[in-house]
Amino acid sequence: MAVEAKLAKEIIAKRVAMELKNGQLVNLGIGLPTLVANYIPKDVYVVLQSENGMVGMGSTPEQGKEDKNITNAGGQYVTINSNGAYFDSAFSFSLIRGGHVDITVLGALEVDQYGNLSNWIIPGKLVPGMGGAMDLVTGAKKVIVAMQHTAKGDNKIKKNCLLPLTAKGEVDMIVTELGVMLVTEKGLVLTEIHKDTTVEEVIQLTDAELIIDENLKVMNI
Amino acid sequence: MNKVVDYSVIKPLLKDGLTIMIGGFLGCGTPEGLINLILEMGLKELTIIGNDTSFVDKGIGRLIANGNVKKAIVSHIGTNPESGKQMHEGTLEVELSPQGTLIERIRAGGSGLGGVITPTGVGTIVEEGKEKILLQGKEYLIELPLRADIALVFASKTDTFGNAYYKGTTKNFNPIIALAADIVVVETEEIVEVGEIHPEVVMTPGVLVDYIVKGDF
Amino acid sequence: MNKVVDYSVIKPLLKDGLTIMIGGFLGCGTPEGLINLILEMGLKELTIIGNDTSFVDKGIGRLIANGNVKKAIVSHIGTNPESGKQMHEGTLEVELSPQGTLIERIRAGGSGLGGVITPTGVGTIVEEGKEKILLQGKEYLIELPLRADIALVFASKTDTFGNAYYKGTTKNFNPIIALAADIVVVETEEIVEVGEIHPEVVMTPGVLVDYIVKGDF
Amino acid sequence: MAVEAKLAKEIIAKRVAMELKNGQLVNLGIGLPTLVANYIPKDVYVVLQSENGMVGMGSTPEQGKEDKNITNAGGQYVTINSNGAYFDSAFSFSLIRGGHVDITVLGALEVDQYGNLSNWIIPGKLVPGMGGAMDLVTGAKKVIVAMQHTAKGDNKIKKNCLLPLTAKGEVDMIVTELGVMLVTEKGLVLTEIHKDTTVEEVIQLTDAELIIDENLKVMNI
């Protein structure tokens, strides 16, 4: 199954959106995870957090209606819903580290079968910094990695992360365009695959040892 | 006790080599007029503490691009290519601190606490060189407090006593850095009379503020 | 997702032996209707965490006087003679924590921090049985976080989503305990529609609140 | 010099008030220290903090104008000045512990020549608790003990505090109706005495070793 990036991202965002439940506080990382907001089911009401200082984040403002005092964690203009609240960074991370965020969705450079995540540094090459990611991954109740299954031909789901970690053993779920994997005590379990791929293909594109769930399903997106 | 002053009064407070905290998150809520002042003065060897190094043409990012900064203690430098470039060239020292840890270290510095006991960074390279502690069966890092010589705060509205109000997401680091520096300068979009900011919405009480400048940027 | 409920919905959440955080400072900002509910239910063996044990006829003080409390974790019991009496008789266990330490322990419990590193209490009997740590040449106590099964919060105004606003000095412990319990109940003087409390003045975001009751006291 | 309690308290409050300087943030403890507010010189503007959650505390409200939502740390109704601010207890103690309070004035059961203070417990007898006192004494820039020189015939200024401490070595100044003493590295220095007493009387009523300042002055109240 070879799909172009745009479609891959759409598949991933759609599937992650299905994880969100009514009333949850959710933090969507910059990039692909942001797309999840477009696919939240109509009957599910979640509250989005932006770690720079708000809950109840709304949609992108219409052109010309941007307010320079209201931005998201990517520095882009956003709006706030009527049930939202603003606060400073200390309170923001009380929410995050304190376990009040139900789900955080992040991208990854690498993720491994033990739930380790690397997404903030490639030593000597790329050093963006961890921003709020380390606190989010450590503090959120459920950590979902949302990313394309491979990058430039490299398998990103490893036996062991080689890059410096963002957090140790905190990832709960990995969603790619090929399928859904859960980090369990037994190991990494493939629970769903995309209709256009095969278990063999997923195994081939995954460095981690994959346990195939006995109730393996087709992604219902 | 008139705290409302011109940029010219702030100028002599700013010197080479100082440690300066600056409010803002990717430039949102940064006192750009005070950034201009530092650029004009051509200060050198500054240590800057803030959330990030912003963009090359915005906020703290301008100080990085202009070579005013020796060391940056921040959570993120990815949006400013100059930061990474200078870091690799060895002209800029970067101490990366997780965002929640960073703000809590500043809060500790301003609140008389000796450090922060956080799970964030355990099992990562962030723990290198730091004391670890086992409490109630869980491992934590001890992160040390941060303070600065001077804090440059951005506020949306400030009364002449220094009570400050921050709109929307401009709050970010601003009310916290106002606790953690020897001198606190607030650059504000609007100066109002005492009484015009209700005691309920003041986020930084005037007692913490030394100087107020009307923003010019 | 309708959080606005009657006291009858709160009743089954309250049980003998629970650890309960209660807002208020000498009774100012305490949810008296929820106190009434506990009194009516005649709960026993409660552990109460709050600033003080108030007065015999007010707030937490009424629970002490009525014998509902097994243990109180507070900073002060001097205004309620019943607290001292029961303590000396051995029917009430009192853990005294300095006020600034107490609120910071609750904040740590609600913020995922492993403890508090404070200079307060060093060289006093408060340090007994606690770990001490030397950081940057100064001695500190490590005080452990506090959490509760349920937090009983008083708010002046709350919207139907749970966003809460606290007037004047009723804030005290209320917004902090709302971070540190498994279940958060807000008793409010006034319930308003979503949108009537501006995002700038919300001190407790509704996402932290499980139940809202209109105060009846 | 024998004066009744009311006059003694007035002398003490007047003298403490002279320590306050323009622009300072000041916390006055319950009881005698509260009286200091009545004697602040007209040309000195200080901001009063109340540790339950306000700066800019004003006077007692007129009868009938009390607001149940505005109380001081003693639980009494107060008002707030137009330049004041309300906050929660965590922020309140950030101000206190963080060294933002310039002066704290407290009573004492005992105080000693090393600047130790005992004011929160008499084991087995009286256990009010420390409330905010331990943080105030540890965090404030200057700690002034304001108390009557003796209590029921007992000297309260000791060589060493016998009661459990509130804080170790944090007291800077002791003001009583008999005089003013400073805690210094050399020891406790008597710098001022009341016009109606003598150095001999002060020494007799003080258990601590007193160093008499070579520039000893009469209290200018």
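Lettered A, B, C and D in written order, each chain numbered from 1.
Convention: contacts are C-beta pairs under 8 Å (C-beta built on N, C-alpha and C of every residue); 3 or more make two chains touch, one makes a residue touch a chain.
Predicted model, so just to flag it, every value in this text is computed and none were measured.
Path length between subunit A and subunit D in the chain contact graph, taken as the least number of steps between touching chains: 2. Contact count check for C-D and B-D (C-beta pairs in contact): higher for C-D. Between subunit B and subunit C the centroid-to-centroid distance comes to 32 Å (mean Cα coordinates, whole Å).
With centres defined as mean CA coordinates, subunit B is found 29 Å away from subunit A.
Inter-chain spacing, taken between the CA centroids of subunit B and subunit D, is 35 Å.
Shared interface positions of subunit D, defined as residues touching 2 or more other chains, are 54, 80, 86-87, 93, 96-97, 138-139. Multi-chain contact residues of subunit B, defined as those touching 2 or more other chains: 104, 107, 112-113, 118-119, 167-168, 199-200. By the touch rule above, subunit B contacts subunit D in their complex via residues 1, 107, 110-113, 159, 161, 163, 179-180, 194-195, 199-200, 202, 205-208. Per the touch definition, subunit C reaches subunit B in the complex via residues 104, 108, 112-119, 133, 135-136, 138, 140, 142, 144, 167-168, 199-201. Of all residues in subunit C, those touching subunit D in their complex are 25-29, 51-52, 55, 74-79, 84, 87-88, 94, 96, 98-101, 103-104, 107, 118-126, 156, 166-176, 203. Touching subunit C in their complex are the following residues of subunit A: 22-23, 25, 45, 47, 54-56, 80, 82-87, 93-100, 138-139. By the touch criterion stated above, subunit D contacts subunit C in their complex at residues 50-54, 67-75, 80, 86-90, 92-93, 96-97, 124, 126-135, 138-139, 164-169.
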